[in-house]
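You will see two complexes here that share chain A, one where it goes with chain B and one where it goes with chain C.
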Partner chain A sequence: MEWCTAQNQVIRSRNEIPYRELNEFQKEISDYLDRNFRLIAFDVINLKENEDKNIRNLIAILSNDDHSNLKVATTEIDIREKVPSLSLKYPSFAIFERILAEEHGIDFKEHPYLKPMRDINFPFIYPLSKELHQVGVGPVHAGIIEPGHFRFTCEGEKVLSLEISLGYQKRGVKQLLLKYLKEKQPLTKIFALAESIVGDSSVAYAHLFSIIIESLANIFPDKRDLAIRGIFSEMERIAMHIADLSAIANDVAYLSTSAFLQALRTQIINNLLAICGSRFGRNFFGIGTNRLDFDADTIENMRKNLIDVRNSFINICDDFFSNAMIIARLENTSIFTKEYAKILGQVGISAKASGLPIDARSNHPYGIYRNFPIYPYTLKNGDVYSRAFIRYIEVQQSIKFILEVLDYFPVKEKNDFDKPILKMPELMKDSFCINIVEGFRGEIASFVTTDSKKDILDIIIVDPSVHNWYGLSVAMRNSAISDFPVTNKSFNLSYCGNDM
Partner chain B sequence: MKEFIYFLLKIILIIFSPPLMIGIINRVKAIWAGKYGQSILQPFYDIIKLLRKKTIRSNTSSFVTTFALPLQFVSNLIALLLIPFGKIKPFISFEGDFFFFIGLLGLSTFCQIIMAMESAGSFQGMGASREINFSIFIEPAIILLFSSMIFYTKSYSMNKMLMEFGFLSLEKIMVGVILGISFFLLILIEGKRIPIDDPATHLELTMIHEAMILDLSGKDLAIAIYSGYLRIFIFSLITSNIFIPTFISTNLSILFLILIIMFISIVVGAIESLFPRVRMNHIPDFMLLVLSLSVIIIALMFTMNT
Partner chain C sequence: MSSLFKSRLKHGYQAIKSVEQAKINERYRGFPKILTDITSEELMRKLVSICPTEAINNNPLSIDLGKCIFCGACEDFIEDSPIKFTNNHKIFAFNREQLIVTSEIDQDYFKRLKPNIEIEKLFKRSFKIRNVSAGGCNGCELELSASFNVNFDAARFGIDIVASPRHADAMVITGPITKNMQIATLRTWEAMAEPKVCILFGSCAISGGIFHQSNELAREILSNFNTLLYIPGCPVHPLTFIAAVKRLIGWGDDEP
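Showing the complex of A and B:
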């Protein structure tokens, strides 16, 4: 039996989500996963109002990236009963099952390691052999990164296992967002909250929130607004990728590249500051249109700035990536193979560096990417060098994209600035919608349902970091412990995106 | 009177040159990265700041830290007293003192390692194991380098050895170049500079030397840092002594010495800006480079003898 086929940003009726018995549900999931589908989200969702306290609705969202379609189905489980785990056969479920076990008390039998995802007081695996030793790093780190604890079990310099303990950043932001939406708080406040779900991809989250509301309310923004949104997303991607490359160069003590790239990043985020008053692109997105439009000066400055950045960036990175000592340092460091990337459901940079072309901008195109698609480049090695090089390529792609969009900049057809931009529109009742945007780390997926009173009933947000943290710990296996900082920087995952 | 001036000059050089070298290195790195950079005197300020701070020790540390830390500092200092400054005699000199010199360096490394092990942190243990692993390759190299110098100067004290080794004489220029390069590489290795270890890093997992002093604070840290500076200065002094020609006057040799040490600082700064760190498991390759250079010198020695 086929599941309900959905598409990015397309609104469907809530009744169309098929219901399956649990064993049937799991069997069909494994059928789909064997047929080149991958898991996007697996979570509890509130589908019916006023339900039994012990009954939970589980939803699985699977994606076929080649045909841009998404499959959705739900099942019902009783939290007093044990549920067979899918993790042993499909490890990409392991993280989601751990989250469900922690948040809803669902007991998955035969799960290899049902440790709570965001509990900071849970003990670690302890080696019994005296030959092995453990090294703990964090939660307070040197430098300016978020809190998280890493526990290495090592044999000399070789890492045998890495256990990552997060949860220091758990703020309940998803529940707060839902509460704000239900209380009908002012939209500026909700946007500010959405932008701070993950502070360094605030543009991507604001973009996601805009398209969630627009698809639920059947609003179609002007093409010029979509273009500006695309430009903003790509500006954020350029800035963050340059910052990541700078951090990688700093970790291998290649100081000049690090300093120059930091200066370039400032050039990009200062451009955002000049446009919207925030270096991280905050307070810009709206519903139906954006809060600001570009004038001729802005476009000209941006074009000049980007051409300048591109010239410097290519010069700096050509030097960096062709330096023999850099190649020796980064190549074959923490290899993450394509097989692992596939079964662990990796997205974003780590998937592309391992040879999986997963990118929402071409797989599930939205907004301006329908007209100006960006195809994902892939490398097959899966080492730190590939992950850095993918960033180098993506920055160039993004600059090219922005310059192209600026050249064919659509004119605003209807002037809707007299419309209230920051007013919550009326949503469609009893419907659901899947929205995926590509942040700089990877795809940010969301699933939203509305109830019969045209209010938002429940929301699921999956940050790319949820998928990819597991990838980091697998990539570290059998590599040297001194390679961890640079491997961590090459993944550059979000702590607060994982903890929500 | 002249002797007294030289005596004062040596003391001034010993106290002020090591932090000044680090200041110059940091300044060169900053300029290379397009920054204005900190003052050349910043290492002095750092040490003075640390000396004013309160010292906190790990709960697990015992009398070992109390005696190992001064011992490490003093052994580095005495090793420095064995080396001539250009054509000025060193403070201490006797036949066969190069063995004493190597022993002192070993003692200082040993003190640092037991001090690191004692604080019982996982990073310190890791740093200590790396340090001991890599210093194995260095000691034989230093012995071989000194023995080649003994062969050419026929003297067993470091004073005569370094003073009489004429770099510019025709038969020694090849050996001189290799010796100079070897001792220069030893500056990077013993000073824990960039291709080996990053002195500016904040990443606990990749540190070698920094990991070992991670648990020290206040005056303890000031002493440990100054010992590290002395280590760099010792090897820069040996390197510059090799490059000073034999035929110049004593006063000129001091000028030469200061210029060469400044040049060495600039070159170290440039190397730190131009090269990234090598991977941890490739560091022994770097050490073996020095060892193989010393073996080449010995081979040259035999070919010239026959």
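Showing the complex of A and C:
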């Protein structure tokens, strides 16, 4: 039996989501996963109003990246009963089942390690052998980063296992967001909160929320506005990739590259500041249109700035990536193979560096990427060098994309909106919509349903970090503990995106 | 090798020569000027309801910069708005009440504020900072680390980040302080040697910011800390941070 086929940004009726009994549901999931699908989200969703307290609706969203297909189906479970776990066969479910067990008390039988995702007091695995020792790091780290605890079990210098304990950043964002959406708060407030879900991906989250609300309300912004959104997203990607490369260079004590790249990042984000008043591109996106349009000066300055950044960037990276010391340090460090990347459902940089071409900008194109898709480059090695090199390629791709869009900049045709809408527009009733955008870390997926009163019923947001944190701990296995800082920087995952 | 030299030549000297003279782009939303006190009830109601963080209060019209996230909604979306954001980035206060801006407050108000304790002798040339991210979205964290990069170079004022709270003079809190971070934050403070100060960095740390309605916060622990500096922003601009800390440790307008 086929599941409901959906596309990114396309609104469908809520009744089209097929219902399956639990055993059928799980069997069909495994059929799809064996047929080149991968898991995007697996969560509890509120599909019916006024339901029984002990009954939960589970939803699974799977994606076939080759055909831009998304498959959705739902099942019902009783939280008093044990549910068979899919994690042993498909480890990409492990994180989602842990989240469900924590938030809804669902007991997955045969789950290998049902540790709560956001509980900081849960005990760690304790090694019984006297040959092993443990190293604990965090939650307050030596640098200026977010809190998280890492517990290494080591044999000498070699890391046997890394247990990552997150949850320190839990701010209840999803509940707050749902509350604001249901209360129909001003959209500026919803956008401000969405941009703070993950503050370094604020453009990607604003982009996500603009397409969520626009697709549910059937609003079609002008192509020029879409182009500007694409440009903003790529500017954020350039800035953050440069920051990551700078951090990697800093960790291997190659300080010249680190300093050069810091200056380059400032150049990019100051360009964003000159357009919208925020170095992170905040408070710019809106529904219907963006707060500002680009004028001729803005376009000219941006073009000049990007060409300048590209010249400097290629020069800096040319030196960095061909330096024998850097190659020796980064190559074959913390290898993460394609097999692991696939079964763990990795997305974003770590997938691309391990040979999986997963990128929503071409797999599930949205907005301006429908006209100017960006195809992902992949590397095979899956080591720190590959993850750094993918960033080098992506920055160049993004600069090329922006320059191309600026060259063929669409003229404004529709003037439906001279300003973004402030009040929540009327949404389609009884609908659902899947929206995926590509942040600099990877795909940010969302699933939204509306009820018969045209209000938002429930929302699921999956940050790429939810998939990828487990990848980091697998990549660290059998690496030296001294490789951790540079490996961690090469993944650069979000703590607050995971904790929400 | 030649590309390294080329990059170095192009890089040149990047640091902002004078952080006191530096101006941020005109689009930047810094100090909000309240142009007029007299506004209709209708306009006042609109202003209060549009603010995402309840920073705007009426009678008389005032903005609490500790709550403001500088989104500019009150300026951009309301016709004849009496609020105008300027690019003046030097906004900071030494106690919470000083952050409330009314129409009487002018651009130089924050310059005239004096730190309430004389800590100049202790810290003037060496002020070591330990950051605790307590639920921050990584925006403030990135801006705090940007304060020490080649462009802003806060280290020239003796302000520096240290890896351990044992070495720190100040704890900089970013984020709204989540329940799960309260023990870690308290322990960091306990681990620091006297004399010590606490700095609240960003609107989330000062008031909870955009997360103020969340029930996952534990903001009551702030009363344990000796908070001497409040730096509003969402996120705080590095120049704001440097100007604020300079004022706190007694550099005033001086520069090296």
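FYI, the second predicted complex is superposed on the first by the 495 of 500 C-alpha atoms of A that agree within 3 Å, B and C clash if a C-alpha of one lies under 4 Å from a C-alpha of the other, contacts with A are read in each partner's own complex, and residues count from 1 in each chain.
The definition used in the following text is that a residue touches a chain if its C-beta (ideal position, glycine included) is under 8 Å from a C-beta of that chain, and two chains touch if they have at least 3 such contacts.
No experiment lies behind these values; they were computed from the predicted model shown.
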- Task: Look at where chain B and chain C land on chain A after superposing the complexes, then choose clash or fit.
- Result: fit
- Message: Looking at A:Ala324 after the superposition, I want to know if it touches chain B, chain C, both of them or none. Which is it: first, second, both, neither?
- Response: neither
- Query: Comparing chain C with chain B, which touches more residues belonging to chain A?
  - Reply: C
- Angle at chain A, chain B to chain C, CA centres, as a multiple of 10°? 60
- Message: Touch test for A:Gly143: chain B only (first), chain C only (second), both, or neither?
- Response: both
- Which of the two partners, first being chain B and second being chain C, lies in contact with A:Leu128: first, second, both, or neither? neither
- First, second, both or neither for A:Gln169, with chain B first and chain C second: second
- Query: Is A:Arg279 touching the first partner chain B, the second partner chain C, both, or neither of them?
  - Reply: second
- Message: Just to be sure I read the superposition right, which of the two partners does A:Val411 touch: chain B = first, chain C = second, or both, or neither?
- Response: neither
- Look at A:Ala480 in the shared chain and tell me whether it touches chain B only, chain C only, both, or neither; answer first, second, both or neither. first
- Message: So in the superposed three-chain picture, is A:Ala259 touching just chain B, just chain C, both, or none of them (first/second/both/neither)?
- Response: both
- Message: After superposing the two complexes on chain A, what is the shortest C-alpha distance between chain B and chain C, in Å?
- Response: 5
- Task: Jot down the residues of chain A that show up as touching in both complexes, chain B in one and chain C in the other.
- Result: 142-143, 256, 259-260, 263
- Item | Sites on chain B touched by chain A in the complex | 29, 32-35, 122-123, 125-126, 129-130, 194, 198, 200-206, 272-282
- Task: Would you mind writing out the residues of chain A in touch with chain B in their complex?
- Result: 133-137, 142-143, 156-157, 249, 251-256, 258-260, 263, 323, 325-326, 328-329, 333, 480-485
- Task: In the complex, go through chain C and note every residue touching chain A.
- Result: 1, 3-4, 6-8, 10-11, 14, 24-25, 27-29, 49-50, 52-53, 69-73, 76-77, 85, 130-146, 149-151, 161, 163-165, 175-176, 178-181, 184, 187-188, 204, 209-211, 213-217, 234-235, 237
- Query: Can you list the chain A residues touching chain C in their complex?
  - Reply: 118, 120, 139-140, 142-147, 167-173, 175-176, 179, 185-186, 188-189, 192-193, 196-200, 202, 243, 256-257, 259-260, 262-263, 266, 270, 273-280, 282-283, 291, 312, 315-316, 318-319, 419, 422, 494-496
